[in-house]
Every structure is written in C-alpha cells, then in structure tokens.
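This report refers to the structure that appears directly beneath it.
A, B, C and D are the chain letters, set down in written order, and residue numbers restart from 1 in every chain.
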Amino acid sequence: MVKEPKETIGWTMPELASKVAHDLEDGWFVNLGIGLPTLVADSIPEGKEIILHSENGLLGLGPKPEPGEEDWDLVNAGKEPITLLPGGVYFSQSESFAMIRGGHIDAAVLGAFQVSQRGDLASWKLPNTLLGRVGGAMDLTAGAKRVFLFMQHTSKQGPKIVEECTYPLTTPGCVDRIYTNLAVIEVTDDGLVVRELAPGVTFDYVQERTAAPLTLQADNPSEKVGV
Amino acid sequence: MVKEPKETIGWTMPELASKVAHDLEDGWFVNLGIGLPTLVADSIPEGKEIILHSENGLLGLGPKPEPGEEDWDLVNAGKEPITLLPGGVYFSQSESFAMIRGGHIDAAVLGAFQVSQRGDLASWKLPNTLLGRVGGAMDLTAGAKRVFLFMQHTSKQGPKIVEECTYPLTTPGCVDRIYTNLAVIEVTDDGLVVRELAPGVTFDYVQERTAAPLTLQADNPSEKVGV
Amino acid sequence: MIQKKFESAAQAVADMQDGATLLVGGFGGSGLPSHLVAALVEQGAKDLTIVSNNIGAVSDGVAALISNDQVRKISCSFPVGPHADDLIARLEKGTIELEIVPQGTLAERIRAGGAGIAAFYTPTGAHTELGEGKEEREFNGRLHLMEHAIVADYAFIKAHRADRWGNLVYRKTQRNFNPVMATAARITIAEVDEVVEVGEIDPETVVTPSIYVHRLVELSPQKEGKVLVNG
Amino acid sequence: MIQKKFESAAQAVADMQDGATLLVGGFGGSGLPSHLVAALVEQGAKDLTIVSNNIGAVSDGVAALISNDQVRKISCSFPVGPHADDLIARLEKGTIELEIVPQGTLAERIRAGGAGIAAFYTPTGAHTELGEGKEEREFNGRLHLMEHAIVADYAFIKAHRADRWGNLVYRKTQRNFNPVMATAARITIAEVDEVVEVGEIDPETVVTPSIYVHRLVELSPQKEGKVLVNG
C-alpha cells in the first residue's frame, strides 16, 4: 500500500464529474452529496434531463446563482445558494426523506471516508471523535436505488477502499460503484471489479493504492485501458 | 324500556344542532360526521369562528352551494357538494388523517348505532351483516380530543344508549357527550349524567328510553329543567 | 428528454398483467380516474388486488372492475353504496376477498409504502373487530395496532394539471387519496385535464412532485365542453 | 374571533417553562426562526430538550441556547459547524446530552408525532452505531429499526406569510423542517414576514394548515429593507 503523493494523476475532479454525469440516465432523479459530488451538477450533457434532488427539500436543482443573485431561502444540502430549474419544486424535509427512504431516488452520488470490498460505506464519523455528521447519509444510502461514490482514491491516511471498514458504518453493502481519480470500480458479488482506468494509470498502480483485491473487468481491453 | 313512537318530542334536529354549535368554542377545529351532524354547520352563531374539517381533505367547510353552483370537485365526507370559507384549505387524505390521528381536531360530532355507559361507541357495522362502513369513524373517535354524538335518542330497535354495546365497536371509551332529541348526557367516570333535558321531557321519560342508568347532574335545578 | 405522456388511457394501461396490485384514487366520483378504470375494464387484466377508499359510490369506479370479474381482493374503508350489489354477490359466492380498513389507516399504510416505512403503530382500530389478528402493543399506556405498508404495481390517479416532467396540481377536494397513492406504486399513471410545459406551474404550488409520476394521460373534459358531474 | 398574533417574539415565548421540549425549524440559516430563538435566550428557560437539524451552522440558531446553558439535551443530525465549539465543551463537561439522529429518521419521528403514529420501522441506521440499543425487526428480509415518535411542548418555526387563522406559506427551501415541526408541538409559534387577512392566501397553495399553528409573530425584514443573509 502506497500513500498518495500530492500530485495530479488520473482524472481531475471535473473530469470525473463528467464521467459520473455520463453514466446517469435521462430522466433519473439524482441526489448529489455535499462537497465533491456537487461538481456533477455542472457536467450534465446538453439535452439530458437529470433531475437533481436536494434533501433539504427540492427537486430540479439548477446551477449556482450569479454573484449578487444569491437568495438565502434557496440553498442546497450544503447550505450554499443555488437556483431552481423550470419544473423544479419545493417540499418539506419529511417529504424529501419520504422520497429517499421510499426508493424513489434513482442514484445518490456521495463522498466517503472508507468503502469495503462488499460495498459497506463509512462516511459520517471519524473514529474516536465525539461528533459525527450523519445528516442524510444513512437515509440516502439505505434508500436510493443506486449508490455511487465520488472520491479521491486515497486519503492522507492511505487507501480508502478496504477489505473491512474500520470507521463507523453508514450503511452496510450499499455501494454499487466507486468513481475515483484513478478508476471506476464496480462492487459486485464477486468483489471489486475495475471497469475503467484513468489515462496513464495502470491496474497495478490502482491495486497498490487499494487495500482490497481488485479484478479487471473481463471485457476490459487490457491493462492499457485509458493509457 | 319503551320503544320510541313516531312522534315529535323534545328538540328538533335543527334545535339540537344549535345546541351543539353553542357548545363548540371559538377557534375550535371540528369534524362533522356524515348525515345528521352536518346540520351543525348551518347553526354556528354569528361571530363565532369554528373551523370545520372534512376528512376527505379540507378545513374551512362553508355552507351548501346555491342550486346550480355545485362543483363536484368540492365535496364533503358525505360526497355532497359544499363550499369553502375564506381561510379554508385543501389537503390530501393522508394529511387529513394525520390531523385526526394526531389529536389536532378539537371535537368530532358523529352519529351512532349504540353508545355504552362507559362511552364505548358502535357506529360502523350492524350485527350479522357482510359489509361495514367504517370510513373515518375509527380514526376520528380514536384521534379527536372530544367525541360528541348527535343522534335520535332511540331507534326503531329501541334504546341506543346501553350498558354494553352489542354491535361491533368503533372505539371503546371514546364518547364524551351525547346530544339527543331528549337530553344532553355526559359520559363521566361515574357513568352517564344528564346535563340538560329537552323542553317537556322529564328525567324519567329519558331513563325509560335508555338501557343504562342515568343520573341527573347535581347542580341541575330539578327534573323540571326545560319544562 | 423526459416524456411521460401516453396517447390514450388504453395505451397507458396496456402492459398491466393479471395479478397486479392497483391503487385507485378518488373519493366517490371526486378525483376518480374514471378513464383509466374504463380502459382497464376494456384491457381485461384479471385477479387484481385493488386498494381504493370507495367501491360502490359510482358506477364508473372500482365497481366496474368488480362487476367485470377482474378483482381477486379489494381493500377499502367504505364498501357500500348504490353500486355495491355486485360486490355483495361475489362475496357470497366467495370469488372475491374484502379487507375493510379504517380510512386513516388505509391512507397511512399507503403513505408508509411510498415513504419506505415497513410498518407502524396506530391506536385506530384497537379493541375492535378490524383489529383482530393484528399485532398489538402498548405505547404510553394505550393499545396500538401494528399496520403494514401497502405498495402496489400500479396507481391510477386523477389530477387537474401536469407539466411534462409529471408535476401535478389538483382542483379542490379532488386531491383526496390521489397524492398519497401517487407515492406508493412502481408505476403511477395520472389522468389529467391538461399537460403543460415545465415551468408553467408555480413551484410553490406543486402537490405531487414529478418523481412520483411515471405516465400521463391528457383528457380534457372541460375543453370538450363536458360538464363533470360524478356524484 | 380567532386571533393568534402576538405583539412580539418576547411575548410569544413568555410562558415557556424550564424543562420544556422544543422543536426548532430551519436548515442552517434558511427557515430558521431566529427572532424566536433570540427571545428565548432573553427569556431564559433552562433544562430544555431541543430537536433541531443543525446546531452549529449559525450563531443565531440553537447554538445560542447552548452557549447560554439553557439546553439539557439536543437531538439533531448534524452537530457540527463553525459554532459547535460550545457544544463540544459542554459534552466534555457532561452538562449536555447529544442524540445524533439520521436526518430522515429525525423528520419521520417528528412527522409520526404530529400524525399520532407511536412508532415505526425504518431500514435507515440498521447495522450501524446509531442503531445500537434500538429494537430491530426484519421485514421483507431486511433489518429495520423501531423508531419512536417525537412530540414537543413548543415548536419554533419560520414561514413567509400567514393569514389570521394561521395558514402558512413558505419561500423556497425555507420549508425544510418547518412544516413537519409545526405538526408535532402542543404550541407551535410561527415567525413570519407578514400576517394577512383570511382569504388572501390561495387555498390550493397553503403548506401548513391553520390547525397546526397556535401563535404568530410578524417580523417584516423585507419591509425594514434588511437584506437577509443568514449563511
């Protein structure tokens, strides 16, 4: 296991956001987590209608307002000012989580502290801390039809993709796919499968930075994918 | 026990409706059951604001529309066309019953097949019938802060106020007060207490038509009340 | 591009299978998706499990499906009315099953289904015939019944106006069971008077957000000059 | 005649007792009833049990009550942010109790309180630290937790406009926890920008019906030309 040096390797976060946006299907209702995942909002291809959900009570999240145009009664789950697209609607937190818990959200794109080879997610609390910030993370990961992670492949502490989570769990077995700067990895019944490697990144390079066994997707052209 | 002859004795139903309306307090939210209780709507004194609830999804029920002015998208729980007062609002059945079950309705005024001396109510199903019409009756009687019955004192079958209900129960111990053409009766921990007698009606006359022991309210001037 | 509009009620219900579970909105004739019900009578799917508040209030409601022998089980709060005779006949023959559910419990079970709540405890119906056989539990000294969520394959609902995404607004007490039923089905089909472009409905006034609506059928009774009297 | 309007936030909170349970709406600064919170800091009731989603996001929120040592217990989903230091200090001293609740479970527990549902089963939080000690039960092969309703003595909520009866409409995402909290308190106090006469709000657009609102305080920030930046 190798710690990630402070260098630019693989996809940039905006590139990764485009990749996620490409995989979201026309007409899906998608929740984007606080932080990095919000980048996906700016990357949705022209002509594709993805309806973004914000758990504080809206569907149809639009781009950030122009400076000076902020309305502090129109914020996203990160409490940042946003806009509403035509067709967007407002509702209460209880309605919002009825949507989430009820399985109406097609995909949630979230950050993570750790994810295990079985798709267990740890994202709300660091070990040995007094406070956790669970927010809507447990509801989203228990309720959304698909959970995609959007994250740096490693942290300062080392690999984030692990055999067993050592941090407090958010929801076990909830993660379907992991998008990192190095690779796109599916969580399958047979373990973690690398579906795509970032340009200039080898399978071995990814495996070295991953604390769980990976396999390369069978129909993947080769390790040279993306090189 | 004496069967009620087909005669006019005691209060008329509109008079009884006025009596109920008089006892409802300014600002109360009140649900009126299908049938007789709807008469109360027309009897609310000028200047008193009683907000009527209809379980199919409105607050602020107004009078019947003028002939020709009916809107079949604006009906009460009896599926009759009604109107909405200024300040009235619409909502869904689930919101409507959240109000009811959550204890937000100050009083429900309902009909009855039978009521026992302990306030058990039977109102949704006749014995030995295939179909019952429960509607919102169980929810209203389990949820409203107060349950008032509005009914004829007896039926063709005889007394409706009984020691024990023999018909299927709606909710046990839910009834607070019984308004009939003969008397106003409180359900108390010490049994049924006659609070008021209709004009020309004696306590004995009421007791004869009631299959449970009654007492006259202690501070009641005398049996001659209302004579 | 999102397009949920079907050309006709017949097309919107064409894929319904025998044995499906179906929620039907409406309270009597108000908010009843009668064109969808009529299309299903025509389509002919059998052995349906139906959840609807009333069944005998109007002839163009669930009563029509019962009379056409398409229904295996019906859950409702008010199984009486002028058109309930065919139900009674089938109950006596034993070809249909009836579950009577208190109206608020019916609404809440559907709400739970839509909101991902598996079951809940309510005081409604405790100590009654309708509570028999149900799991009981005391909370705060009061007996409650455990009630299970209802989820369905399809919901037929009626609304006033939809936009292209499927956001819905209703007219007056037309709402009744429609907004809650919209949430609890795999495929919710809304019969509406009018479909408009996104942005034409004020976002503060939408009652059913588009996430709950999968198919739209536009039927414009007003435009056709028809007077709607469903009483 | 119904009149729910109080002259000031101070008067609206004057009868609050030590030991009360209080729901506070808002999501960060959006929809936060900050004048009511400020009035309660001034009023001084102690040993409060508070339910609010955020506590450290803004200094004029629940953080102010914590810093003023009025809070015995706090239930929330997000106990972090720039103003959470005073909470941490009190947790370390053991003078305050913290219950972290998943946001959807928090909203649903409040909704259950308002709707007369004693408890419910949710999959959220099963197999996690936050589910420890809770009753578990399997439905459809999936583990669920039993969660209890939350009811309160008071709710502080923020809305945009009220009518004299107490019907409320909100502005945009100002709704958040406000509509659900309005339903779950014995006394709900709404801080609004404007109180209008009945009939001035379209009945199709009311979000919180008057039945849930007991006191109104009119505070007109827009009229005073104040720019609202609660971020």
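Keep in mind that, in the parts below, a contact is a pair of C-beta atoms (placed from the backbone, for glycine too) under 8 Å apart; a residue touches a chain by one contact, two chains touch by 3 or more.
Note that this is a predicted model, so its numbers are computed, not measured.
Mean C-alpha position of chain B lies 36 Å from that of chain D. The distance from the centre of chain C to the centre of chain D, with each centre set as the mean of the Cα atoms, comes to 33 Å. Here the CA centre of chain A is 57 Å from the CA centre of chain B.
Counting partners per residue, chain C has 108, 111, 115-117, 122-123, 170, 172, 204 as the residues that reach two or more other chains. Of all residues in chain A, those that touch two or more other chains are 84, 90-91, 97-98, 100-101, 143. Shown here, the protein chains touch in an arrangement that is not a line, ring, star or fully connected set. Chain pairs that touch, as defined above: A-C, A-D, B-C, B-D, C-D. Taken together, the chain D residues at the contact with chain B in this complex read 1-2, 111, 113-117, 163-165, 167, 183-184, 197-199, 203-204, 206, 209-212. Against chain D, the residues of chain A that register as touching in their complex are 54-58, 70-75, 79, 81, 84, 90-94, 96-98, 100-101, 125, 130-139, 142-143, 168-172. Interface residues of chain A facing chain C in the complex, by the touch rule stated above, are 26-27, 29, 47, 49, 51, 53, 59-60, 84-91, 95, 97-105, 143. Of all residues in chain D, those touching chain C in their complex are 108, 112, 115-123, 139-140, 142, 144, 148, 169-170, 172, 202, 204-205.
The touching residues of chain C, when paired with chain B in their complex, are 27-31, 53, 57, 77-80, 84, 87-88, 91-92, 98, 100-105, 107-108, 110-111, 122-130, 170-180, 207, 228-231.
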